[in-house]
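In the two assemblies presented below, subunit A is common to both, partnered first by subunit B and then by subunit C.
Moving on to the complex of A and B:
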């Protein structure tokens, strides 16, 4: 039945419409978590190039020096910062520490995540 | 002279075993009326086969919880002007995560059983209150109060985890357990709620607290319950050798 609980509704987890900021934080943690997991696989694939010898590895490194890959790395760093800082909030609230102030915690930690992300993005994109 | 708006009530219609569809009813309403007033007018003047639940009309019975424009609301205290504009549409659906019996009526029997299992009692001593707005005046220590949860089921409908996990008992029964433990200090309540589909299934979306019409703060209560469960387990661990 469409109205009953079912694992098939998992995509609705990512629907932020008409939902509170705490649900937005819940969605953000899932999106960044999935993104970081995907990156982990790509990273392992990249390390796998080492097994194919120095030429294959150097060729791959030359490819990832493309600005598109640098932008991808900025996204990975941003996702890591957001997921890590939001994870602190979830970890604390999840064991009953400051749970009544979890929304304020999210605002503060998200602001910190934005500042850190801008700093690292500037370093990676402009400093390169 | 009162202001009149033309509003379309788009109401979810579904009889048992039949595919759901939406039916539109255009009503002339006072924007200060409540959504439930509009639903009642649809039933009274347009379609007597419409099924919906209601009783007290003042947010005490918890019967009229529905999804209004995709958000869980207690329709008897939701003014029409807060959810639409003149010429606008109000989409009314049954609460999610419950089986639909007919139209806007859902089967809440499992939910009520879960609340009972949590040893919830709707009257509590005022000196056991644990949220700031529940504070009582001096000299009222021997008084009792009605606990705020009206068992409307709105929190279950809004919870993303209840949406995907049929076995999860949901926010209100967990909040009820926290209330009951706070009052009775009965460790069996903690042991019952120390389960993957009870206190530990919540994933901190706190949507239950956002939609609760009675400020029960189920999200906070679930986390407080976890803290008490952990404390109980650590105490057991430390004293088990004695």
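Moving on to the complex of A and C:
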């Protein structure tokens, strides 16, 4: 594959030309996965405030009510929805279920992810 | 070209069947546990656990620490195996991979221990 990026030619990773829908699905899964992993470790560190007592934890909660953090949370929720729904397709196809219908599955799950993400983003940004 | 969505998730070279299937099954378990984590923490819990006092009271129900610890270990396994999969695709030298594997194992064990410790601290504080 001409557009297959290698570690040596990493600049090509950022070349969006000649990508197939499977490549986009793959990229989407990786980028959201990396983001969620980063969030996991941040989340664990931040919850450490619980051990320091009520002032520390309540102060932290007051801090994350700032809209910047809410925006970050919207990103996390969106990434989680995309990764989780797309992951259903990846897992099923991996064990041999519906591998022939992956493209339709991807489109349907991605559409569902977009709808759910918009719903939760609206709820989180406007609801509070 | 585009027909390549016929590609499915397979164990990578250096991953092996067991690590691959653990990653897939952990993914499925996360869909369930994340749903539980969200419903419990943000819908059932009064006020959505936005204060230290609420968190302590919430952790007095013995099922909660069990769910949260199970959830943590599953997510860590999935996240670290997923991250390792990305590294594998960059064809790391065997020596480097060996070192990285120890780092992944350490990160998984240390983060699990930290999370379990934190849960114990919260449970042991009773209702404040």
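As a working rule, the second predicted complex is superposed on the first by the 111 of 128 C-alpha atoms of A that agree within 3 Å, B and C clash if a C-alpha of one lies under 4 Å from a C-alpha of the other, contacts with A are read in each partner's own complex, and residues count from 1 in each chain.
Just so we're on the same page, contacts are C-beta pairs under 8 Å (C-beta built on N, C-alpha and C of every residue); 3 or more make two chains touch, one makes a residue touch a chain.
Computed from a predicted model, the values in this text were never measured in an experiment.
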Next item on the list: Tell me which partner A:99 touches in the superposition: subunit B (first), subunit C (second), both or neither.
Entry: both
Margin query: Looking at A:47, would you say it contacts subunit B, subunit C, both, or neither? Reply first, second, both or neither.
Written below: second
Check: First (subunit B), second (subunit C), both or neither: which does A:37 touch?
Finding: second
Check: Is subunit A touched at more residues by subunit B or by subunit C?
Finding: C
Checklist line | Which of subunit B and subunit C A:13 touches, first, second, both or neither | finding: first
Margin query: Shared contact residues on subunit A, subunit B side and subunit C side combined as an intersection?
Written below: 7, 20, 22-23, 25, 90, 93-96, 99-100, 102-103
Next item on the list: In the complex, go through subunit C and note every residue touching subunit A.
Entry: 1-2, 4-10, 20, 24, 27-28, 30-31, 34, 50-53, 55, 72, 75-76, 79, 82-83, 86, 90-91, 111, 114-115, 118, 121-122, 128
Check: In the complex of these two chains, what residues of subunit A are touching subunit C?
Finding: 7, 20-23, 25, 30, 33-34, 36-37, 40-41, 44, 47-48, 50-51, 53-54, 57-58, 61, 80, 84, 87-88, 90-91, 93-96, 99-100, 102-103, 106
Checklist line | subunit A contact footprint on subunit B (complex, rising order) | finding: 20, 69-71, 94, 96-100, 106, 160, 162-166, 168, 203-207, 209-211, 217, 219-220, 223-224, 226-228, 230
Check: How about subunit A: which of its residues touch subunit B in the complex?
Finding: 1-7, 9-10, 12-13, 17-20, 22-23, 25-26, 90, 93-97, 99-100, 102-103
